[in-house]
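You will see two complexes here that share chain A, one where it goes with chain B and one where it goes with chain C.
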Partner chain A sequence: MTAPVEAAVPAGGAPPPPGPAPAVRVRRGGRVKLAIGLTVVGLYVLVALLAPVLRPHDPLAQNVAAALQGPSGAYPLGTDELGRDVLSRLMSATGLDLTVALLATVLPCLLGTVLGLLAGYAGGWLDAVVMRVSDLLQAFPTYILMIALVFVLGPGVRSLLIAFTAVGWVVYARLIRGEVARIRGSEYIVAAVTAGLGATRIMVRHVLPNTLKQTLVYLTSDVVFAVTALAAFSFLGFGVQQPTPEWGSMTAAAQAYLTEVPRLTVLPGLVISVLAFGFALLGDGLQDRMGRR
Partner chain B sequence: MSRYGFVLRRGISLVPLLLGIVALVMLLLDLSPGDPARLVAGPRAPQAQVDQVRHRLGLDLPVWQRYLHYVGDVLTGHLGTSFKTGRAVGAQIAEQLPVTLAITASGVLLALAMSVPLAVLAARRPDRLADHLVRGFGVLGIGLPTFWVAIMAIRLVALPTGWFPVAGFGEGAAEHARALVLPALVVALGIAAPMIRSLRSTMMELADAEFVRAARTLGFGGFGLVRRFQLRNAVPPLVTVTAAQAGYALFGTVVVEVAFGMPGMGLGLVTAAGTRDFPLVQGYTLVFAVLAVLLYLLSDIVTSIIDPRVRITA
Partner chain C sequence: MPLLDPLRSAPRGALAAGAVAAVLALSACGGGQADGGSLQPVRGGTLNVLRTYPFEGFELDKESLNATYLFSGAVLEPLLRADPDGRSLRPGLASSWSFGHGNRTLTLKLDPKAAFSDGKPVTAADVAFSIATWKAGPNYGATYSVIRSTKTIDDRTIALELSEPDTSLPSFLAWATAGVVPKDFGGRPAKQFWQKPVGAGPYTVSDWSTNGKVVLTRNTHYYRAGLPYTDQVVSTYAGDQNSIGLQLASGQADLANEIFPVLAATLPKKQINSTLNHMTSVLLMNTKDPALADVKVRQAIGYAIDYASVVGSSLKGYGAVPTGALPTNVANWAPPSRPYFSHDAAKAKALLAGASRRPATLTMAYPNDPSTSLMAQIVQQNLKDLGITVNLQAADAAGNYATVSGGKYQLALFAYNAISPDASDPVVYLGATGTMFTGHPVGAIDAALGDYRRTTDAKAKQAAITKVQDALLEEAPFVALGQGAQLVAQRTAVHGLRQTPWGGYDLATIWKNK
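Presenting the complex of A and B:
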């Protein structure tokens, strides 16, 4: 998981054109985006928390006699090929998809931050090893490597999270290492060292705060990718396994009934897309408010 | 430095990276929890067979010897044989490679074809309606899951119109081309957003550049100005983003091949993973990684042709 644009475009390519866009308007736009994004994500969190209470049926209960039914009072969104209630399954999947997507975003960030700090501060062979490994990982097509890793570790959520972490830390490590290198010689760090502050304290109090903004930018774009990538891995059969309800694997199972019951494929995809847009708006709004442009 | 010298040097500088990739792919086997030989032989194989597999794969050798053997095998094109079919991995991949290359390449070209006009349009009047529409389109590409877009394209376009095959790659050039349309579109939509965003901001930056302002005072205007002064200078960063996005397009291709049932490396990889066919998965991973490295080399070459300064500074 990398944030492709920010990671890929060297200094010359990307931002930030001052442009004629009035700052005030951007701020206000940011607020609207932020509000919509927060509402969407908040709704999903609410559904995830309340799913056990709200869902009309047991998401795993099969009723083959009632398979592939259209929406009705008993089954508001109809039933799937095994007669399971689609609404209940979509709701139950929310908690799993949200949790895994968030973990798949946060874990690489944590590992990358630690490795970046160590590499930047310690330098020497540790730095060399971390940087060479990250070169190697960046050269690999990210998701292909993740497929290989999940294959080796066996499909499932745990393997997926390991794969996300093993591949996704690179961007964060490079960011933090760069920051450490940049401020190493600066006066206030020298002052802090002279004052007798320990390395850990300098790192946590003086280096990390400087990287917070950029880290947040990466995090908010990574979480959008994590939502769709997680579903994609499950769709391909590497992620969450049947019969556990998960949006991607629900789509994969329903593809066989695409002609007769398109609803079964349309719904999970919509649910994923709306969450992804929610996170995208949230991230955009945050960046606007922080004054990206 | 001459153009060929530059390309040669770039190519040579990639050798350590390629060696690292080969090492990583080889070590994948060692990452598996438990005994790799057991993994390869299958869970129900008798111990004697497991030991035999261990010896056959050279897993009883020290790791550096295994590495040298593996590098030698890869260099001579021996990627092992499939457990399930007994076919040579290299032969199978060679058969599927054209399909994957065709989908990825047409997807990337299509993404370029949509990005350039859209970004130019958006950059002409920032923060106006067209700009917002274009940016909205970009967000659409990021938020919609590729596998779902692919299935929707089958349901909403291929099935009702009958213009495009619902699955497969067909026979002969005409059918191939028809089969490529929807997959390429889906791949393109998935990767276009960062290209649009990057080109848009480059164009906006260039609109303020001194030489563009000078050209404007000299009487250049309209599309001629955009094309001759802005677009030409926006190409090198666009190439860089495109190369990075082409790397992502490889995964889009995997997803699209599975959704459309196209006989490429992506479908092969997913199928091989499903049957726990280790040499095949290893082979696919290696070839995909090498493709990505070649992409970067290609983007370096293209950049050096467009912008000769690169050859001096790099």
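Presenting the complex of A and C:
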């Protein structure tokens, strides 16, 4: 039962201000978020691609005599503890951080999608095994489990990607499995089975495309986690090793100079925050737009 | 044997000559910086000390860190004590000592007031039992193997019969790992005793944990009149350098031991108590690895290092370019007979060109503290200029020590120091560790040590040290990168702190204004 529109206006009160209906506002908000998010992420991608051409100095070139200098014409964002150009290092780190963050999101997404699809479509013992393993993994605090894995495997990008994949697939598997379970009973799937199509073809051609919407939205928000987690792992010494420019390891190296030269910590932190903000807006925007269709 | 704190790989910086003079002058007039308060020692109160490394416990043979030596030595006092000048010994529980029979007998007289914290006097029988305990230790036992037997002259006098002349032995009786314990551990099982030991030092143990607090309380039976000044010492483990700075600023901590030069650079100069240059940072080269087996490769690396950059960036002015491979500023130290390694890129390339095998890529292990991280990156850059790519492998201090002591490395950054005022002290360590885990025992060391121990003549001792320095330069199993100071940050209200060059100090004489 719905109340008459008039009842929503308090007696003697002013009528609601004119404007678009809530759904329309959400769609417009979604477009704005999407646009800002895409712009921010796009700028980072551009910097990553053009860094070898645009950066003013070799990011690894040491000049101990010029260590810890403030911003100047030669060094627009100053120098670090070994006299390296901070701007060049920030720019050079963009490609590595973006690549690793995207891989750290895509790899678990791929694994989770395959496992979730198989578990949801096949059901039975396979479903039980995949879900119990995911229960087991979810019972552990994510960071602790990942740190333990990287500790065993040794520091470095390869270990980080393995850890991200080993822990991160669970959410994707659950998302896909839920969607598959919903779709499996649909008339078009029943029709496909009746028509004698193979299970693989049904899963890939008919089930999977209809499950990806939620996954895509989640993936964009997961990149935010990957960006910050990568920085955190490098900060702790488990990620990218010195002297390779990487935002997290730059922050870690700079913490010894936190009171003396806070800029060295703040700048990479800011760069990480803005990228995370961009991906978050992108995810929100996608969710707003896709969620209304 | 270990004369160093092996887990420590972060070298400390050194002191400019003027600063040395200033510190010594302040120390001489009561120790500590004037803060407008009284310079008459104040008794009572609690001294809060931050330590940057874990405390390993009181079991003497298992101690290896400066952080442990300091607090263990304050409970289980040794027979002799090192003078802060790093060059001489002071009486401890033994008020006097003398050699006889051609330096084959060392006779020690105990202080008549020396007593354990339970009130029982320290006797010759306790010392004999303590020596037997040290000798039985798998880590430090070999150092005391020269003591063939002990002979009790009377309750307060003991003679140590030596298997060969050893004039260095008194220095080794000043090690914190040579604490005096009651005979038969006072009737308690050893394990129980080490958990809560009874010693004759200025403090007794109230509580301790490895990564938590160490709480020491005044020993009311302590033999040095009027000491200790402070009723209680509470040591807290604080690994983060920023946290140390904040705790000092807020007054939560009075002292912070073994801080890194990068932190020292951010604190007011008057809060930094630094030693003479001593702690020696080294680049170890695993000679068992085929890539580093050729001495020309190792020497090339020695000449490729930009020592001024290493010292300038990582030691922040608290260190100096090395003049030899052995830690400086201890008695009888002497340089090599020819100049030590210096930055000479052309010579490095020529040596490498003449090597039988030229390594293209090497891996370097290092502890990931702020100072050594910088050192690692500079060495990496220097070797890149030489044509060798170095992959860095960071670990925490304990992990790096495990890698180094296990010989599982190609290049590694490390640091070592003496723990007694004698140049032979670190040489003993080099010998005992197969020349510091490089797999290259330097033959000249044993012979030189023998010469050193047999004589009492300072020039002859220095000549022996020069032989060791020359051999280390010639065979280059490792390269000294810098020689730095030990740094303690202290609040200005704290007085009486006088460090030895290796960072030891007497907790009993420290006091603070109320």
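A few points about this structure:
One rule holds for everything that comes next: the second predicted complex is superposed on the first by the 269 of 293 C-alpha atoms of A that agree within 3 Å, B and C clash if a C-alpha of one lies under 4 Å from a C-alpha of the other, contacts with A are read in each partner's own complex, and residues count from 1 in each chain.
Operating definition for what follows: a contact is a pair of C-beta atoms (placed from the backbone, for glycine too) under 8 Å apart; a residue touches a chain by one contact, two chains touch by 3 or more.
Fair warning: this is a prediction, and the values are worked out from it, not measured in the lab.
Note on chain A: of its two partners chain C and chain B, the one contacting more of its residues is B. Contacts of A:Ser88 after superposition on the shared chain: neither chain B nor chain C is touched. Residue contacts after overlaying the shared chain place A:Thr215 against neither chain B nor chain C. By the touch criterion stated above, A:Ala256 is placed in contact with chain C alone, chain B being left untouched. In the superposed model, A:Ser134 lies in contact with neither chain B nor chain C. Contacts of A:Gly237 after superposition: both chain B and chain C are touched.
Once chain A of one complex is fitted onto chain A of the other, the partner contacts of A:Gln287 are absent, as it touches neither chain B nor chain C. In the superposition on chain A, no contact is made by A:Thr113 with either chain B or chain C. In the superposition on chain A, the residues of chain A contacted by chain B and by chain C overlap at 237, 255, 258-259. Residues 241-242, 245, 260, 262-263, 265-266, 306, 309, 312-313, 368, 370, 373-374, 376-378, 380-381, 392-394, 396 of chain C are the ones that touch chain A when the two sit in their complex. Of all residues in chain A, those touching chain B in their complex are 4-5, 7-10, 12-21, 25, 132, 135-136, 139-145, 147-149, 151-154, 224-225, 228, 231-232, 235-238, 248, 251-252, 255, 258-259, 262, 265-266, 268-269, 272-273, 276-277, 280.
Residues of chain A touching chain C in their complex: 60, 62, 64, 67, 81-82, 155, 237, 241-243, 253, 255-260. Contact residues on chain B toward chain A in their complex (touch as defined above): 17, 20-21, 24-25, 28-29, 31-33, 126-127, 139, 142-148, 151-152, 154-155, 159, 194, 197-198, 201-202, 204-205, 208, 236-237, 240-241, 243-245, 247-248, 250-251, 254-255, 258-259, 269-270, 273-274, 276, 281-282, 284-285, 288-289, 291-293, 296.
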